[in-house]
Each structure stands twice: as C-alpha cells, then as structure tokens.
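Below: the structure, in structure tokens.
Naming follows writing order (A, B and C), and every chain is counted from residue 1.
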Amino acid sequence: MLGAGSRAMAADARVLKINTLASASAVNVPLQSALRSGLGEIAGFAPAEMRPTAKIPQIAQEVIAGAADMGDADIASTLAAAEAGADLKIIGLSYNNTDQVIVSNADKTKSLADIADRGGTIAVNSIGDFMYVMVLGALAKQGIDPQKVNFIEMGSSGDRARALLAGRVDAVPMHIEQAEQIKARGNYQVLVTPWKEYDDWFSAVIMATSGWLKADENKKAAVAVLKASLTAFRKTDSDYAWYKTQVGKYASSKDLKAADDTLLKPVWQQLTGEIKAFSDMEQLNPDAFAKIMPVYKQAGALKGTLDLGKVIDRTYLEQALKELA
Amino acid sequence: MQLGRLTTNILGIVLVLILWQAVGMHLGDALVATPVQVAKALPETLTDPEFWPALGLMIGQMMIGYLLALAVGIPLGIAMGRSRPVFTVVKPWASMFIVVSAAALVPLLIILMGRGLLFRTCIVFVATLWYVVVSITEAARAVSPRLLDVAKSFSASDFQRFRFVILPALYPYLLIAARIGLIHALRAMVTAEMFIGAGFGGLLNNAGLDLSTAPLFGLIVVLMLVSAGATELLRRVAGRAAPWYASRTGG
Amino acid sequence: MAHLSVTGISKTFGTVPVLVDQSLEVEQGEFVALLGPSGCGKSTLLQIINGLIPADSGRVVLDGEDITGRTGSGRGMVFQGADLFPWRTAIENIAFGLQVKGVGKAERLERARHYLELVGLRGFENAWPHQLSGGMQQRVGIARAFCIQPSLLLMDEPFGALDVQTRDILQDELVRIWEAEPKMVLFVTHGIEEALYLADRILVFSKRPARVLSEIKVPFARPRHDDMKLDPEFLRLRREISELLRHDLEA
C-alpha cells in the first residue's frame, strides 16, 4: 500500500549488498529482520540484498574485495584481516552477546575436565573462528590444557548436533534453541554457558572498509543500517509477539520457524534477559573488545597488535541513536 | 530379457531401501531418517512454495554452463585427440584443472564475479569442461587407425574421414561425456548454491539445520532422481541415435 | 586393356630394409598370389600398391595411369579382419566407396544390394557388423571392394582370421564372384594350398627383405574343385614351394 510519493522514492531507493551467515538462528533473526525489511522503511533505502555465505571468513573477504557493501561478519576473521593490513571499520554489532552454549551428553560427560582427561573431542564450525576461541577460553579459565582436547571442524550447528547425538564427539557449541531441542533426545545438558563466563562475548559485527565509508552516501547508508538494526533490537526486547513473527519469516531452520511458545518463549526470555543479546549495542567500544582480546591471543587466532580504537568506530552508531531519540 | 533386467533393478532398489530402513531405525532420524520418514516428509518438501522455483532455477542456470562446456569441450577434445600440437599445448592445463574441485574455486570466483548468473555459469563450466575434454580426447585418440585406413583406401578426403569415421566412432563417447559432464555440472551447481545459500543448495543448507534428517534426505533423494533421470534420458538418446552401440552393449 | 605394372619398389622402415627394388606385372583378368612367410614385406608391397604406404622409390602404373602414392582410382581393397565400420549396416558398409565418390543414396544402395546378394547375404541388409559371423563380415568386406567396380582387387590375407571350414567356403565363393566379374587380383597369403587353389600365378617371396624366389604358373584349369587338392601335380607343387620357403628361412 505504497502511496504515489513513496513509490517514486522506492524506485530510486538504494539496495545495499550485505554479506551474512548462510543460516539464521534465533539470535540472528533481529538483524536479519532489520536488513531484509526494516531498512526498507527508511527513506531512500530498499530492503538489503542479503548474500548468505557458508564459509564464515569469506564474509569479511568479500567486503574487503569490494564485492559487498557491508558484512555481518565474525569478529575473529574481521580482526585477523585488520591485523593483516585490511583497512576495516567495525561500526556495529550483529548481536550484543553470544547465545552459544557448550552441550554434552550428561550420561558420559560431566565437565570439560572429563573430556580433557580421556582425550575427547569437541566439534566446532571451523578451527580459528569465534566459537573455537570461545571453547579454548573456557578451557583456559578452568585451567585445562587445550592440547588434551581434540578439535574437529564439523560445519553447521545442525551437523554438530548430529555428531553429538551419534556419540562421535563429546561436546559441541550450539545455539540455545538447539540446546533446548536436543534435550528431547537424551540426557543432553549445558556444560558451559559462555555469557556467564565472560560477561559479554560478542561474536559477530557489522563491518565495512574505511574506503567505502568515505563517501557521504555510504555514511548515510551505514547510519540507516544501524537505525534499522537498533529498531529491530528494541522491538525484540519489548515485544515477544513481534519477535515470534520475525522468527517465522527469517529463521533458516524449518523447526525453528515453526517453533511454538513452549520452545521459543524461554529462548526469547534468555536472549533478551540474561544474555542481553540485543538492546543498543552498548558493547561496541574498545574497552569491551579489549576484555576478550587476551582469549583470542591465547588461542593464536590474533596477534593482539591492533589499535582497537582505530578499528572500532562508534560514529555511525551515535548518529543512529541520536536520530532515533 | 528386458523384463528380467527390470525385475533385477527393482529388486536391487527394494534391497537398498530395506537396508536403509534397518540402518535408519537403528540409528534414529537425527542421523539417518528411514525411507518411510523421508516419504512422509516429502509431500511437505514438494509443496513448499520455495521448492519448485529453487529446483527450476538450479537446473535452468546449470544448463547454461553445462551446454557451454559441451560446446567448447567436444571440439577441443576432438582436436586434442587428433592433433599432436593441440594435445601438447592443452594437456597440461587439462590435467591441472581437472583436479581442482569446484569447492576450491567457489570463493575466488565469487570475489571475481559476484554471485549472479555469471558466477554460476562459470563454476559449472569450469567444473564440467575438463571432464568432457578428457573423455573426448581419449575417445578421439582411440579411433581405430585401421578404419581410417579403410576410408583412405577408398580415397576418402580428410573431411570425409572426419565425417564418416571419426564422428561416428566418437558418437557413443559424446553421450558418455555428456553424462559424466552432467553429473559434474550438477555437483558444481549444488556446491556453489550451498556456498551462497541460494536456490536448491540453500534449501539443503536450511534442511541441514533441523535435527531430523528426513527433510534433508528428501531433498537429496530429489537430487538423485534429477541426476538419474537426466542420465537415463541421455542414455535413451544414445540408444536411439547410435543403435549399433546400444545393441552391442545391451543397453 | 587393364594392366598393372609395378617397377623398382624399395622401402625401408627406420633402418630395416623391407623391400629392395621389387617389380611385378599383372595382366587383365589374372589372379596373382603373393606368397611368403609372415612379416616378409609382401603386405607392405600390397599397401604401397594401394597407396596407403609411400614407397621410398619405384612406380605403380595401373591401366596406363601413374598412381604411385595415391589411394583410390581403380583399386578395391579387402582387409584382413574385414574392418567393417561398426556404425554402418551391412548394406551401408558395401555402399561406402560409392558414398565417398558422391553417388546418390538411391543409386548406391541399389548397387550395393546387387553385391550384397552376389556374396549371398540377402536378408542381412540391415544387420550391424557385430551381429554377423566372421565369414559373413568378410563377405561384406569383399562386396564393399567389388561395389566400386575396380579393375584391380587387392586382398591382404583376407581369410587369415577364419576357421578352416569357413575359409574353404569363402575361397570357393571368391572364385565364383570373381568369375562373374573378372578383374586383376593381387592376393597376399602365407597359405601354400590357398595360393595354389586360387591363383593363376604365384610369386613366392623370401624372408625380409622380400624378393621373388620363384614365379610359378599354376597349371590347373578353371573352374577348380576341391578334389584337385589331391591331384599329384598339386601335391608336387605344394612340396616344391614348401621346400623353397624352408630352404630360404634356414639360409
């Protein structure tokens, strides 16, 4: 039901190319909703052309190569690229805090130490990504030698969950909704709750290159993307019914799309409550990043030579917050 | 005899289904969904509004790269098989490219040409071309020199020997190359689509997130049927167009 | 008057001399057998006359025309293993030479049918070569050579791959067809009996490099019959040639 005016506007509305993960879980839905529909409600912008990407490091690579305007990229590959000399800016957070939990079969495994003692195996998406670092960090916190644990690359969380069900691996990081779903299939319990271990562990960021951000129209686009994201985050925090409809539209898994309140409501409560996954991207600041850097350094994923103040750029977030106020 | 073959085929399929059912019941649907569970999940998959457009898009876009690969690969393969200089120049490239998997090229090609039709055509073309070239080359090299001598002794010109000996001798191999190429084209297309979460590959990605493997296996079964159907179609074309070959191999 | 004149042919493969200054003449309607041990070079001489192998020196003149180093014109070749085109039916194989010459389809098939019937294959027009026995395949091979109505028929051990019974039958068939359409024949064989039974004249070749050890006029009248193989003269000639060859091999 566009009026004549807004239709004219829609005609020359800008379509941003944004690279993102190939699969959207419960924690990804607000950003997906913001970019796929919310952005279109901002004057001068159409819904973004979302470009799902199966290999996580490829997201940042395509932004650096100029094949995409912005990326919803993982923090490890983004900072690693910046360390390698790519002129990148992190301008927002895809979510404020991770929702990943490490799950095991409680009949066999009671703790991470159990796994280390018998030389067990943990499956991650890919070696070196935020999930891998997160597990290493958890091991380090409990004083466990990571050399005693085997890591294997298993790809998507669905494949990881199946590996756990088959008893092929001892523990697997997965999204909280999957941790809920898998409980129905045996005595599967959460072994580590990273957001409790680290306070905040943000794993995905909204990023672009400095070169791209120089043009005024791109600056405007960056603000628009953040406005749409903040709006979706706030709506998620305040309105479960809205969030549920967005999950039905934008979640990748059919199981999650069709999830009823008994599954989804507790997930939403955790995401917005305990985890504080959304709100206003408060964690986008060098201090918060600095807190997690040692874990990345320890894991060998980053050298830690980066001036975080130069990579993290709050300008567009401040502008977006001001315009929304 | 035809009937006997049919019975054997059906018996083989039934045996596999029984085995699959047994394994699935033993391991549970999160690991291996049983054929019965897959059959139950299929109607929902087939009525998903995204399914048919995704399948059509995949096959349609794949055909462009595939046909291009045949159009380039067949003449190139014949030239390589029949001309020493062409063989010497092209063979090292063919051996090199044929071992590079589509999955390894996808990231590079995405950065070079985006994710649109150009990228998909290109990845299918690259993944298919060299299999076509290599099989045609081998066939062209193997064309019987004695039969070429027969033609020559009947004073056939170079063109007549190409037209009356080399082409018909290659005919069955053209269709074999087309069949091998099709399998590689389909595989490359699915790999590419899974990588960028588009089309049928995107559906496979999403189905892989669910704990039950029934919808995923349903999509894989569809993929197998597409592949088997297309190769069977090519086999029939071959049988009709090259009856001397079909009646010799009993196909 | 049809006439073949071959003079001063020499041929060396690498450093191995195969033929040194060989000459021969064939008169109209004459059936000449080239007899010698396997690998002596008699087949090479035939291929030089056929034009498939270039000679190092020497000339081949057929019916007054110098045809050295060229194929076609006036010669029809029957190959050892029949060497039919597997993608052509019997009648299409027979019509091949006419098709190369550009004879229209209806006419060439009509002429091919005549030769198909002449070699006793009526009813097998549309059979594929692999559906025919070895003897039947060679009948097609003979018909294919006759169909272009050459003045010189070249036969390179045409019955060498057949079993004895089939060979005996085909020898009689060949003579019958040849008597119906007489022409010059050069028949390469290593079978003494075969040469005596078929030829008017036999050139007995030495081991490599081939040279004519002896020229034998076969004294038997035509039509010939199987029982002539028991004739004392036949047996005497057979022994004489056999000893000639053995003596040469042991020298």
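Rule of thumb we're sticking to: a residue touches a chain if its C-beta (ideal position, glycine included) is under 8 Å from a C-beta of that chain, and two chains touch if they have at least 3 such contacts.
Given the structure is predicted, the values throughout are model-derived calculations rather than measurements.
> If I rank B-C and A-B by number of C-beta contact pairs, which comes first?
Pair with the higher count of C-beta contacts: A-B.
> Average the C-alpha coordinates of each chain, average all protein C-alpha coordinates together, and give the chain whose average is closest to the overall one.
Centroid comparison flags B as closest.
> Please compute the C-alpha centroid of chain A, do the same for chain C, then give the distance between them in whole Å.
Here chain A and chain C have centroids separated by 84 Å.
> What is the distance, in whole Å, between the centres of chain B and chain C, each centre taken as the mean of its C-alpha atoms?
48
> Need the CA-centroid distance for the pair chain A / chain B, whole Å please.
Their C-alpha centroids are separated by 37 Å.
> Using the touch definition up top, name the residues of chain B that touch chain C in the complex.
Within the complex, chain B touches chain C at residues 144, 146-147, 149-156, 160, 164-165, 168-169, 171, 242-245, 247-248.
> Quick check: in the complex, which residue numbers of chain C touch chain B?
Going by the criterion above, the answer is residues 50-52, 70-73, 75, 77, 79, 81, 83, 85-88, 96-97, 99-101, 128-131, 148.
> What part of chain B is in contact with chain A in the complex they form?
It comes out as residues 27-28, 30-31, 107, 110-111, 114-115, 194-198, 202, 205-213, 215.
> So in the complex, the part of chain A that touches chain B is made up of which residues?
Against chain B, chain A makes touches at 22-23, 25, 51-55, 58, 61-62, 65, 67, 156-159, 161-162, 165-166, 178, 181-182, 185, 252-256.
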